[in-house]
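Chain naming follows the written order as A, B and C, and within any one chain the residues start at number 1.
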Amino acid sequence: MVKVDGSGGNASLIKVRDLDKTYRRGGEEIHVLQGLNLDVDAGEFIAFMGPSGSGKTTLLNLLGGLDVPTRGSITVAGDEITHMSASRLTEWRARHVGFIFQMYNLIPVLTAFQNVELPLLLTKLSKAERRDHVETALSVVGLADRMTHFPRQLSGGQEQRVTIARAIVSDPTFLLCDEPTGDLDRKSADEIMALIEELVGKHSKTVLMVTHDAVVAERANTTLHLDKGVLVEGLQSGPRLTTVGGHA
Amino acid sequence: MLPKLFFGLVITLAAIFVFLLGLTILVGLLAPFFNTVPVSYNFRSIRARWTSTIVAIVGIAGTVGVFVAMLSLARGFKATMVASGSPGNALVMRAGSSSEMMGGITLETIKHLGDKTGVARDATRGALLTQDVVGVVALPLVSTGTDANVQVRGVSPNVLQIRTFVRIAQGRMFQPGLTELVVGQNASKTYAGLQLGNTITFAGGRWKVVGVFDAGGSAFDSEVWCDSTILNQILQRPSNIFQSATIHLTSPGEFQSFKDAVISDPQMNVDVVREIDYYAKQSTTMTKLITVLGSIVAIIMAVGAVFGALNTMYSAVAERGREIATMRALGFSNLNVLLSFLFEALLISIVGGLIGCLAVLPLNGLTTSTMNFQTFSNLAFAFKITFDLLLMGIVFALVMGVLGGLLPAIRASIRPVAVALRDL
Amino acid sequence: MKFARIIFANLKRKPIRLLLTLGSFAVALLLFSFLAVVRGAFILNDVASANRLIVINRTSIINLIPLSYRDKILRIPGVTYVTHYNWFGGIYQREENFFPQFVIDPENQRQVMPELVVSDDQWNAFLKDRQGAIAGAKTAERFGWKIGDRIPIKTTLYGGGAWEFNLVGIYHGKRPQDDDTQFWFRWDYFEERIPQEVKGQIGWYVLRVKDPDDAPRVAKAIDAEFLNSPNETKTETESTWIANWVKQWGNIQVLILTIGGVVFFTLLLVTGNTMAISVRERTSELAVFKAIGFSDRSVLFFVLAESITISLVGGLTGLLLAKLLMPVLAKGLSSILPILILSWGILGLGLLTALLVGLLSGLLPGLGAMRLRIVNALRRV
């Protein structure tokens, strides 16, 4: 279940209350997010949409502990992350979040295997255990036969699948995707979306995705619109303005 | 036969290489005049990446500076020695002596020398020659208080008429037959106790410093002169044997006929050289040492500087990949791009070279002193930076620039446009 | 170490740049070794022995002193052995073939200079042959001499002439800093051949004292003995003598330190810049590391590990090159600077310097990488 009015109970996996984020740019204050609320249960697949500059990526960064809000609280699986120290936040991120970026961001000098292994290096797993996890993750994304290839030897779609494998290899609490298909052709984009749907459907992952592509957004179970700091719920029949606590 | 062929091949290849290098430098430097890529592009690129550029410049400047400094040290040493000789003087020593200190000629031989053709004469028709005895005396240095060897030269009282560029700057000349000294201006500053009016003791004699002479920046400025007959006595040497005789000729052109006359005389077993050649030869060991050491240092530094320049230029090419691709897509040819980068490398290196030269220029004239191996005595000399040395420094910088810039420039020009554009 | 693979993978990113940076380090360390060795040759550390004194004519070393002084010196309490030398200064074939030639006193040579070792049978042969000569291993090797060769030497001192010797022995210095280039022959042969006027005089005495602490007293006593004589003496410990000799070379130290400083600074600049460039290129990657959960400090660690690896490998290469090239250099400069040693001390200092440069050059870019704000870096795409 997904709620944007702050009325979700304590059973939510992700709970956001009164989130504010303000930037200073050239003397001016820009309020990107203003009093945002969000409740997400485990297993949900949400697409965030909105025009550029609306703060979608900012929201994702805050949820993933990459950034700190100006005001408000974010609680994930019972952990309140907004007041964590930088080092604790780093540890938390390693255990709970899987990132999938638009630009793949694979390390070009490491093989697919080594790239996927990267998050596991932060754990105390033995080499054999790590190998196990990596091979599993790569099988899930269907690239087990490309383990020893370097990113430059893979197509765009394959690179993105390696990124997904890296994101799921440490079994994080939820996945954050920022325009995962933005750089791909239609066919590869379809394959990636099918994979993500599989992760949600078959493996019960929680996925929060930012996209500007309506076709991609349709794959998600819920679509939320972010428009100048305000979260709006969009129903299948089109967006309906519902207040989101704060400014209408 | 084979080694000669091989040698000849090596020389030819080296000559071709040098020629191509020079040609590349010339073309690169003149690029702004005929290249279509504007020079302003280079200037703006340099400014955008000024830290890397400064690094390359410093590397080249440092190398050029060290190179020029060391060569000017060697030049200065040699110049000091060479200045001691006059083209109009002939030096006579016993046959086979490699230096004055080894020689020994009798008073009688010297008298006969005075009778030969070409010898200049003074007002009383006496031959203008000085018979020298050279000794080394340990005196304490002003700087450290420890002893250093100073060259003490016994001369004939009329020596100033033979070594005509020497003049008494303070006090007066020594009187013949007395234990009096005249000291060179450098020696006076370097050794404790060699000031005008002082008396010092050595070899069991008490010597009074009665004058300071100016020997025009030659080795003599580091010497102490006295009466050679007296010096012979004090050093307990045979009274009629001297170590060398310096003859003033009527003109430099008379040297050959004088030498022939002396060599053909069966009673004399001596060597005759131009004074100026003798002193040039006396400097060879030290000059060689400084030049060899300095060159090794400079070459090693140059390799390092070239590496640094290569790194900078390769990074420049990599970072500007998109710009280059755009230029080529717009229609600038490979050659245009290559020349543009080559010019940039040469520009950087010339600036580095100029800075290096300017940085060491203040050293010019700075005196230092060391021990001349061949005479065992202390010699003061100065850094001598000449225009040709500075020019060599600049050329050195340009060579480093071309070695560091050519390969990256080639790489910039041949990268396939499509690849470069895709590398966004 | 599981992170080693990542670090090595990063190093191989741009092979040309890696090679050039390694090359810069190698070159700088090569230069460092060269300068240190040359400095050592001029400064002559550790060459002197604590229990030896040198006696020269007070006027200068060029002046001679009577042989008759020897017995008087021996009578001074504390003196155990006395030997004497003359500088011969001859020419072997050509002037450029210079090597030092000494007239020695066979009776006392081995007692006073025990570190210059000759085998017993060779020494006995030397004692039996009046025209015998012993050469240092370096000089013998330089000219390809073998025992039994006849060595001709011309001289213009001491009345001039052509002298010939039989090479009956070769000596080796025990320590690397000992001079292996000398040529020795016998005093009695020398005495009989030189002109009357210069007989009975030697160049300088070298003597051994029983107790090194006694040296200053003995020196004073010797000089007092010959005060006011026609040939006054000056006696110093060997180390003082060498130190004063070195001072005559002038500001060699300053020169070398200046060059060394210039090199070090330039190297720091070049490698620091290279590290900075490579870190700048990888901003988004480093951000990904941090996003995944690598701590800020671990990123600093990666950058430092890279720079230190480069500096160590490059530095060791340079030092190895120096070790290989040193014999070549020594041969070339043997007539001017006979003692060129690349000691372990120099190598150690060089390595330490390389490490320091590696650390410093990675520090600034590393700190920058550490403080990188992930959101800014990721946005830089």
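Basically, contacts are C-beta pairs under 8 Å (C-beta built on N, C-alpha and C of every residue); 3 or more make two chains touch, one makes a residue touch a chain.
Everything quoted here is computed from the prediction, not taken from an experiment.
Shared contact partners of chain A and chain B, listed by label: C. By C-beta contact pairs, the most connected chain pair is B-C.
Centrality by Cα centroid goes to chain C. Centre-to-centre spacing of chain A and chain B amounts to 72 Å, using the average Cα coordinate of each chain. Averaged C-alpha coordinates put the centre of chain A at 66 Å from the centre of chain C. Centroids of chain B and chain C (each the mean of its C-alpha atoms) stand 25 Å apart.
For chain A, no residue reaches two or more other chains under the stated contact definition.
Within the complex formed with chain A, the residues of chain C that make contact are 2-3, 5-6, 9-10, 12-13, 284-285, 287-296, 374-375, 378-379, 381.
Residue ranges of chain B in contact with chain C, taken from their complex: 51-52, 55, 58-59, 62, 65-66, 94, 96-98, 101-103, 135-138, 141, 144, 146-149, 202-204, 235-236, 238, 285, 288-289, 292-293, 296-297, 300-301, 303-305, 307-308, 310-312, 314-315, 318, 368-371, 373, 376, 378. Only residues 14, 16-17, 20-21, 23-24, 27-28, 30-31, 34-35, 38, 58-63, 89, 91, 95, 154, 156-157, 160, 197, 230, 232, 234, 243-244, 247-252, 259, 262-263, 265-267, 269-270, 273-274, 276-277, 329, 332-333, 336-337 of chain C touch chain B when the two sit together in their complex. Residue ranges on chain A touching chain C, taken from their complex, read 57, 61, 64, 66-67, 86-87, 90-91, 93-95, 99, 101-103, 105, 107-110, 114, 118-119, 121-122, 127, 166.
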